[in-house]
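Across the two complexes that follow, subunit A remains constant while its partner is subunit B and subsequently subunit C.
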Partner chain A sequence: MSESLIEESILSRPKYGQLAIAPGLAHYFVADASGAECVIRVAQTAPKGFMEKVHILYVPTPGENALITALYALGAKRFEHVPTIDAAIAKLGDWLSESKMGSQLYLAGTEGLIGRAVAKGEECGLDHTAVQCEHRGSLARRVQCVHCKTMIEKVTTQPVKCPSCDLLLLVRDHYSRRLAAFQGVCINAEDPTEEVEIREVFK
Partner chain B sequence: MTIHFRNETFRNDFTYANSPGNIPRFPFPFPEDVYMYSTNVEPHHATRAGSPFEHAFDVDEHYVSEMKDRALVLADDPGRCQALPHMETAAWDFVELVMVSKARDYPDLFELTIDGDRWHWINKTLQIDDTFVFGDSSTLPCHPMEYIGRQVQGDHAILDQRDGNLWMDAGIITAQADWSLDFDIGMNFFEWHAPVPLAHELGVFQRALKFLLSLPQGQPSRRLNWTLTVNPRLDTSPENYPKWGPDKLTVNPGNIGEKVHLRVELQTFWRLPRSNAILFPIRTYLMAMNEVVTQPKWGRRLHRVMRDLRPELVEYKGLSRYHPMLVDWLAQFDDGAPTSPGIFPD
Partner chain C sequence: MSASDHLIPVVVSRVVEVNSIIKRFEFKHIHGNELPAFSGGAHIVVEMLDGPIKRKNAYSLMSSPFDRDQYAISVRRDDNGRGGSKFMHEKVEPGMRMNISAPVNLFALDLRARKHLMIAGGIGITPFIAQMTQASSLGVPFELHYAARSASQAAYMDSLQDRFGDHVRCYCDDAGGGPDLAALLSDQPLGTHVYVCGPKGMIEAVVQTATDLGWPAAHIHFEHFLSPPVGKAFSVHLAKAGIDITVGPEQSLLEAIEASGTPVKCLCRGGACGQCETKVVTCDGDIAHNDHWLDDDQRASKQFIMPCVSRFSGKRLELDL
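Presenting the complex of A and B:
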C-alpha cells in the first residue's frame, strides 16, 4: 500500500506524519484496514516490554481476516476489533476515560478515522502533543454541509450532492478538527442553473 | 447628541439606507488610491468627534434595526451564537466592557449602576431594564455573551489565548462576510484564516498574531477591512449563501449604484481583564455606491482601487461577476485629479 499522497494545502488542512514510539505509560492505537500495516511496523520495531502497555482498536474491512490475525499476533495487552468507525470512536472514548496521565494515542488509516479519533482525544482532554497520525489509504473526505449541517461520509467526488438538502457542494480544503470534517459549500448558489460536472477526485 | 434611529430592513425589501448626515461619517477603508493587504492596525483612540472612531463602541442610526436583524438570524439558526464551556469568564468581561463603555460614552441612552456584584443596566433605546449579579449567569435571561451581544452592533468573537496562539472559542456572529462560526469555532488563528489567499505568504498573519498576543489591557487597537455586498444584507453567511448568492446576478449598469454596497468592517481588539482573552468586535458598515460617490474624493479613489485590484482578491472577495461593470461605472466619478491622503472626505 502506498504512503500518503496528500498535497500541500491550506493551513487548516491537517498534515500527517509517521507513527513512532513516544515515551508513555500506556499506548493506544486506532487503525482501519489501510492503517494496520503502520501498527504492525511500530510493534515490530518496539523495544521489549512495549506491547504490555499497548491497546489496539481495529476497524477491519468487512470479510477481511488476515489483518485481524496479524494484529492479534502482536500480543498487545488489549486488542479489540469493531465493525464501524462509529463503534471505534465510542470505544476509544471509553478507553481514554479510564486512561492515566502520560498516555499516547497513535492513529493510522483513512482521514475519516483519524479526524474523528483526534476530536475524541481532544474531547477526553488528551494533549495534542500526545497524538500521532499516519495517513494511509483512500483520500475520501468527511464533509459537513455548511447549509443544513449534515455530515457526509466517504466523499470521493468534487462537487458532492448533499443527501439531505440536495445542494451541490464544493468540497473545500478548509477543515475543522472539532467536527473532523471538511467544509462543503454550495458550488452554484449564485446561478443554480449552472451545470457542474461531478468528478471522482478523492480516491 | 440625539440619534434618530431608522426603521429599516437588511433582507427581503431592503429598506436600509444612510441618511445624508450619516454619509460623511462612513469609515471609508482606503487611505490611498491602491489597496493591498497590510496589518493596518492603529490604536483605538478616540479620533474625530462624530466619526465612528470617537467612542469605544460606536452607536449609529442603524442600531435598532441591526439588533432586530440579529434576533431574526438567531431565531432561525441558534448556532450563530456559540461559546465553548471555558469561555464564560471572558463573556462576563465582554459584558463589563460594553456596559461600562456605553454608559460612559452615551449617557442619554445607557445607564449602569454598580453596587458590589449587583449590577443595574438600563438600555433605554431597546427598553431593557435588568438587575443581575455580575459573574452569575443564572441571573441573566441567557448566556452573558448572547445577552450583551444582542445589544451591541457588530459581530463579536472572543479569542482565548494559550500555547502561543489565539483560539476562536466563542462568538455571536450574525452579520458575517462569508465565514461560519459553527465550522470555525475551536480553531487557532492560522486555521481560521487558512482560506485567505496571498496573506499567509506575505507573513501578514504571523505579524498580526505576534501583535495580538502581546496586546495590553487598556490599549485597544483597530483596523478596517472591506468587501462588497449586493443589497444591504448583513447576513452574508456561508450557511445562507443560496439566499444571497443569486443577488450577484441581479446587478446591471442601471441599478449598480443602488445595488452594490461597500461593506466595511471596523475591527477592534481588546484585552479582557479576568480571562486574558481578546474581544474581537467586527462592526459592519454598509453604504451603497450611490451614497459613496456623493463624496468626490471617495468616488475618485474607489475607482482607482477597484480598477487596480489584484485578480486573486477579486476572486476571493467574490466580486468576479460584476467587477468589470463596477469599474466602468465608477470611471465617471474619476476626473484624474489627485486625492488627499487619509480616509476622511475633503
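Presenting the complex of A and C:
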C-alpha cells in the first residue's frame, strides 16, 4: 500500500508522520489492516528486547488472516485482535488505565482509527508528544454533523447527506481532536432546494 | 518594568529559627491589608537595605496559598554567598519594615495532572509546602519525596509527616541516601507530573532519568534559582544611557544597572525566567554565563547576557541599555 498523501490545508487538519521508536518503558501499537505494515516495519528494525515491552491491538479486515499471523509472529508481550474500531478503542482504554508514565503510543492506519485512539490516549492522561501516528489506507473521514451532532463514519463524498437530519453537509478540513471528527456544515442553508453535485473525493 | 518595581511594604511579623542553618520569616502588610493571591510554587523578591547596599533576592513562598493575611519564606544561611542570606539571618527581626515584590509563579502545579510527584532536596522543600497545601485541598493525589543531608538539617520534615502522613517520604544522606529515582519514576500512573527543586545535581538526575524512561518533557517541571555568584569587580558601558558603571565583587550586574537608575526588565533574579536577557553591543573579553536561559549558540555568540547572574572579565563590555 502506498504512503499517505494528504494535501496541505488549514492548521486544524491533522498531519501524520512516520512511526519511530521513542524511549519508553512500554510501547502500545494500535493498527488496522492498512497500518499493519507500519507495525511490522518498526518491529523488524527494533533493537533486541524491544518486543518484550510491546503491546499490539489489531483491527483486521473481516475474513483476512495473513496479517494476523504476521503480527502475532512479531513476538510482542501482548497481542490481541478485535473486530471493530469501537472494540479497539475500548480495549486501548483498559490497557492505558493500567499503564505507567513512560508509555508510548503508536497508531497506524486510517484516520478514523488514529483520531479516536489519540482522543482516548489524551483522556487517559497520555501527553500528545508520547503519541505517534502514521496514516495508511483510505482517506475516508469520520464527520460530525454540526447541526444534529450525529457522527457519520467512513465518509468519502463531498458533500455528504446526514443520515439523521437529512441536511446536505460540506465536509470541512476543520477537525476536532476531542471528537476525532471533521466538521460537516450545511452546504445549502440559504436555499435548501439548491442542488449540489455529490462527488467521491476522500478515497 | 518588572514585578519588583511595584514593591509592597510589609512588617516582619515573626522570625523562627527552624534549625542551625534555616530561619523562617513571616510578613504582614504594614496596614494589615490582604496580600496578593498566589498559587503553590510562587516566589517573592525581598529587598534588603544593608547600609549602602541594596540587594534583592528571590524566595519561594511556603505559606498557605489560601492565607492572604501573611506570607512565609525560609532562608538557608550561606556564609560563602553574597551576603543576602547572612543579612536575613543576622539583621532581620520582628517589627522591622521591609519591601517585597508581588508573587510570581514560574513553578506552578499543572492542574491537568492525574497525580503530582514532588521531589525536594534540602531548602528546595519550600515551594512544595505551599503546593501540597494546594494539592491537598484540590483533592488531587500527590506524593513528596524529600531528601536532606541529615535529620537535624531537614527543615519541616516532622511537621510535614504529621500534616500529610503517607504522602510524605523522607530520606537522609546519613541514613541510606535519597530515593531510587529509576524505581520511583518507573512506577507512576499515566498522567503524573513530576516536580523537582533542590541542588543542581538532583534536578539533572531527575530530568535525565525521567527523559530516559520516556516521560514527555511537558510532564517534567523544575525550579533552580541561582544566587548571583560573587566574583571580581568589573566595569560595563551602558550604550543607550551613555554611562559607565562598576559592578562590585558581591554585587550582581543587574543590581549595578538598577543602582545607576537605568531601566532593565527582570523577574526571577536567578537566571531562570529570561526576562532580563540583554543584547551585548561589544564584548572584548569573556562572559561567565551562569544562567539556565541562554542556549549554547547564544552563549558562544557573545551577543546576549543575563545580567541577574552572569559576570564579565576582560577589556570592555558594552550593553544595549
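Heads up, the rule we're going with is that the second predicted complex is superposed on the first by the 203 of 203 C-alpha atoms of A that agree within 3 Å, B and C clash if a C-alpha of one lies under 4 Å from a C-alpha of the other, contacts with A are read in each partner's own complex, and residues count from 1 in each chain.
Rule of thumb we're sticking to: a contact is a pair of C-beta atoms (placed from the backbone, for glycine too) under 8 Å apart; a residue touches a chain by one contact, two chains touch by 3 or more.
Note that the structure is predicted; figures quoted are calculated from it, not measured.
Chemist: Looking at the superposed three-chain arrangement on subunit A, would you call subunit B and subunit C a clash or a fit?
Modeler: The answer is fit.
Chemist: As a test of reading the superposition: which chain, subunit B or subunit C, is in touch with more residues of subunit A?
Modeler: Result: the larger residue contact count on subunit A belongs to B.
Chemist: Just to be sure I read the superposition right, which of the two partners does A:Pro192 touch: subunit B = first, subunit C = second, or both, or neither?
Modeler: In the superposition, A:Pro192 touches subunit B alone.
Chemist: Looking at A:Lys100 after the superposition, I want to know if it touches subunit B, subunit C, both of them or none. Which is it: first, second, both, neither?
Modeler: So A:Lys100 only meets subunit C here.
Chemist: Now for A:His147: first (subunit B), second (subunit C), both, or neither, which partner does it touch?
Modeler: first
Chemist: When the shared chain A is used to line up the two structures, what angle, as a multiple of 10 degrees, is there at the CA centre of subunit A toward subunit B and subunit C?
Modeler: An angle of 60 degrees, rounded.
Chemist: Check whether A:Ser34 is in contact with subunit B, with subunit C, with both or with neither, and answer first, second, both or neither.
Modeler: Once the two structures are laid over each other on A, A:Ser34 reaches no partner at all.
Chemist: In the superposed arrangement, does A:Leu11 touch subunit B (first), subunit C (second), both or neither?
Modeler: first
Chemist: What is the contact status of A:Gly24 with respect to subunit B (first) and subunit C (second): first, second, both, or neither?
Modeler: second
Chemist: For the combined overlay, can you note the least CA distance between subunit B and subunit C, rounded to whole Å?
Modeler: Least C-alpha distance: 7 Å.
Chemist: Residues of subunit C touching subunit A in their complex?
Modeler: Against subunit A, subunit C makes touches at 114, 185-192, 210-219.
Chemist: Which of the residues in subunit A come into contact with subunit B in the complex?
Modeler: Subunit A residues touching subunit B: 10-13, 144, 146-147, 149, 167, 172-179, 183, 185-186, 189-192.
Chemist: Can you list the subunit B residues touching subunit A in their complex?
Modeler: Listed in rising order, the residues are 79, 180, 182-187, 190-195, 200, 238-242, 245-246, 248-249, 321.
Chemist: Can you list the residues on subunit A that touch subunit C in the complex?
Modeler: Against subunit C, subunit A makes touches at 22-25, 96-97, 99-104, 124-127, 129-130.
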